[in-house]
């Protein structure tokens, strides 16, 4: 009996140890981040916008597609606090629902880019040789394609432009920088003595990669990814402006800004201001958070 | 011969040299290790000395299985490690472990001490049941003189000597018979070096370990080794028990090497004749014919060019020496 | 050749730099071929999925078969493979490569040679990109130094927030607002008071052929605004790191003034990563100009590709984008070589 | 008012006479209405988008034809808001049977390079335009000419149409395949402009610097995407231009051009404005902003071969459910004219009240829908349009109207890029109502009817086929007088108003805005601004 109890306790302790372990650098970073007002403000913005994306009905009960055309381009009032657009759709509801496209594009593209970039970078860095050569040349091709032009050509190929095709375009074009960063980190890490030590213990490649190399190579990639989140939100808007991004009746900040900007000098500045303010705040939040994360993760700057 | 735990036969490691921009063709090889024979007995410490670049570290990597040998055999309890793959290799590895040079880089900074020392158990789960691991890690830490309470700390919270102890604890986790120490103290302060050496000696006694102790610091090697092998350009040129080598070196290179050891006894300083070698170490990609040392040797003759001297006991040498003209020359008058 | 590696290993007929250049240039081949093929394939699939661009020329009027055929010959879509979705049209690709090898890059839908188009468009974009880079250097580095001299100070904060704001606002909004405020309002006022031509050129709304540099300054600012943040941030970080370096402490200890320490020692070293980054972004600037060129009516490469994508002119898209890829690769090679020449610690391999 | 001395064209067949000859020389009278205020000289900077082509035979779209019309003079012009036909180079255009037309030219005209503009110049131009391998956009205008088919295909049988015959240097004969009363009306289109020998020798080079015969001539070459510079042709036989120079400034984005107009860097936007800027421009430009009716026409065409739409009452109901004015007010700042007909009012033959189902009447619409058995439950109306061209907004508005007023839920199908959209429409594979737009080639209501709704019409994608309609068109083709033809074609249009194969939505409006010192701006929807009459105030 006593033995059993003891082993339960020790298991419990080791579980705790596990939590503490993974927290190591991240715990330090977290402690650091909590002391930065900019980081906290950014995080709050991101949480708010994400909740709009996930649960728009928490924010508005108005259907953004219920558009009485007689109310076209109403300026903000009590009934429509952000006014209405040219078709008479409630602009506040549109702004709330518009968050979803931006957030999905940003989050999913960045996750894909991170995933592909990390896998390719790890494979290239870890195995070297022809694997590295092939992957590096492949990365070169996509790296050398200017992002916006690449997206232009890629999207023009596709029959329709939905959130998912844009995600695909961003992921296809976005992974090489990440792969490069991860590859460089892996190269720097893989010959570290502790990796050799683990190898001499008989550790498998998978263990070496995921337990020893990746954690030590992840920080720069994650920082870049946070900044990418912001960039992708802005890029989606630019694509919409160029007419190759999302298309109505899809609702997105990008479309709203692109359509609204022509009305700025015609007496309806609200059509630009509201979505632009939301978009800019979101991009800013992502970038500033990434910035704070970098500072927090980089011991040199502490 | 039953007490031989490790035998290395004709071990070679050649790194190919390539040329060409698109299609690489091999134009030669760096002969880092070129026909090394070693035996290690139970409870014994074999010191391997030599200048940097002589192939010591490659030898260590070969023995530990980090590099695949070009040819030759590494026999651990009669099994050839060089031919093994997969799970058999993994199992055989349990028996032979490594302590690395730099305690600052050999420990993963993102892992706690408990995880570092416990990692061998995760890689070889059959060694210790999951529930037992934590206790075993504690024991190991105690064994190397660290408090088991430090199990959740990170490497950067320890001093250099303490870190090296962690490295040793990790090497001991699987209860190996053989530990290859690759310059284990050269990165440490002198005072700490002694502590670590003493720890290694104590462990050897308690656990019956066999060490291959690689170092360029001859005095440390002498202190800990039972037998010593001197390497030059990928080959062992002289081997024997420590007193034989240190007091009666017969190979000119060994003599030159030992003449450079600082003498601890001030009264003896100046009494020895220091041999200054001329020229550079030849490239291992293109070693001299015959005796490899001949380009820098003051005894070199025609035969040294034509015939490679074997590592055997000779007239002038009571222990194996790879020199056609092996003879004693007292270079170090110090006695232990 | 010569360079830093001259006189390296004996017995090699080529110097290390020469070898390095040869190897890097050879690596261009698969990259360029890959880019060519990917672009060709994208355009091909695009035509297969979205319809023959030759049809669009006729608009709502349904063309006769022979009218359509004639237009297909102009667009180069007269191969039957364009009707089979997924067919990579390899024969067309090989034909394209053969022509390219002979210097024939094809024609656009007006049957104007793509080479001519590039000759017309590239210089303007090059000027624009050059100006943008100068502005990035001037403004970005100044801001970065301002911020980096005292990390965490008021100026540090101002620089960080203002440069990040520029990234956070979509570039087409920045461009349109700049044009409206500086071009229409201020520019008209300038013209009203009879300002000299150069000054009105600086604040002109659209690109002016008679002011080929001045009228690109404002667009270049807009174009540079995207990467100002990166430049400022890099300068700041690397300056802060260098200011902590031993040699700076030594220089200070020697009694050098702070200005000299910062200006001569720290800043010079801090600029290496900044310049590297500029080199990498040059390729992107060349093409990232799609939006800016559109807003300021600049006849540049970005607009050329955008228009060609919109009308489905495969030859133009494939050729021009491949050339952009080549420019990017060359820029990076030059940066790498310069890097090695300037910094003896770095070896080429 | 605008055309002093211009003749109202009554193109009679029986009289076989264009009476224009009697007034020869009238067009030369150079004083416009404000002639006294216009000074001679100056450089007019005009906004255009990059043309595809500017050589007349290939200048098929708005930007190219804007330039081409300044460079060329054709047989006739369309003048004024009612598109009156005025002879320019033609002395007379006659036929006895609407099939064989004899065209007499005024002598003494020359191209900019000095070549004489004679019968050969026209025959050469028309053959070159029609010849398929030349891939000229004007080609289809010659479909009605005898022998056109021989010039088609990859390797055409002939290079010259058998229907064109030179009589003498100033006379030639055109034989049509079938009688067509509207043929003379077509002749003012740019595709019918003459072509110099030097131009025919190298069409591509000519496209860079066309050799025209009009009031302006090229000054150097077309500077692509930057400008096309023209100078006054001092040897012009017609009304000489006031301006010394006419510079077409090419813009990528119309918004930029508008900003440049505001800043005084260009003098005129001759056709379009950024839609959102029009209310603002009304204030800023006052009477220097002309809002002119344009014959460009937008409709929602209906695939009459598809199931719920086979019943015309469904089509009628949908048409009545759409509040065109509300959409125009919301999306186009009230500028466009809600359509009540299938061909533009003010056009020869066009009327403004043919479409009785074009009135917004939701009650009646619901009733019609109910009579037709209602809308199939659960089915969504799929509304098609080409992607990326800004059609989504108004299409959504149309969908909203159907949903609100008829309870028909809709789905927007705007994912096809234009080529695929057009090809799909050509193949009759669209699954619901779709955007249909039409801009006329020549000012006659027939141009809106035969191609779109005639059985086998070149652009008939609705699948509409009504023998009575076709018969009425043929009756029009054989009419004795053009006015009479227009009326007969109108009778065909009346059938459309009942069958509703397409729901007319609105007619476009052109906006012409110009600077304070610019005067003499006249515009009509086919010809655009006549730059020969524009000048600066004294």
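Every chain is named by a letter (A, B, C and D) in the order it is written, and numbering of its residues begins at 1.
Convention: contacts are C-beta pairs under 8 Å (C-beta built on N, C-alpha and C of every residue); 3 or more make two chains touch, one makes a residue touch a chain.
Given the structure is predicted, the values throughout are model-derived calculations rather than measurements.
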| item | value |
| --- | --- |
| Which of A-D and C-D has more C-beta contact pairs | C-D |
| Per-chain Cα centre nearest the global Cα centre, belonging to chain | C |
| Centre distance in Å when chain B and chain C are each reduced to the mean of their C-alpha atoms | 55 |
| Distance from chain D to chain C - Cα centre to Cα centre, in angstrom | 41 |
| Chain centre separation in whole Å, for chain D relative to chain A (CA means) | 49 |
| Centroid distance [mean C-alpha coordinates] between chain D and chain B, Å | 92 |
| Sequence positions of chain C contacting 2 or more other chains | 49-50, 176, 180, 294, 312 |
| Junction residues of chain B - those touching two or more other chains | none |
| Junction residues of chain A, two or more chains touched | 156, 159, 265 |
| Residues of chain C defined as touching chain A within the complex | 27, 30-31, 34-35, 38-39, 42-43, 45-46, 49-50, 160, 164-165, 167-173, 176, 180, 229, 233, 237, 240-241, 283-284, 286-288, 290-291, 294, 302, 305-306, 309-310, 312, 317, 321, 324-325, 328-329 |
| Touching residues (chain side chain D, partner chain A) in the complex | 255, 274-277, 279-280, 323, 326-327, 329-331, 387-390, 392-393, 396-397, 400-401, 404, 412, 414-417, 420 |
| Contact footprint of chain B on chain A as seen in their complex | 7, 10-11, 13-14, 17, 20-21, 24-25, 192-204, 207, 212, 215-216 |
| Of chain D, residues touching chain C in the complex | 50, 52-53, 61, 132-135, 137, 139-140, 143, 152-154, 156, 204, 207, 223-227, 249, 251-253, 255-257, 259-260, 262-265, 416-424, 426, 436-438, 451, 458-459, 461 |
| Touch list for chain A against partner chain C, complex | 137-138, 140-141, 143-149, 152-154, 156-159, 230-231, 234, 237-238, 241-242, 254, 257-258, 261, 264-265, 272, 276, 279-281, 283-284, 287-288, 291, 300-301 |
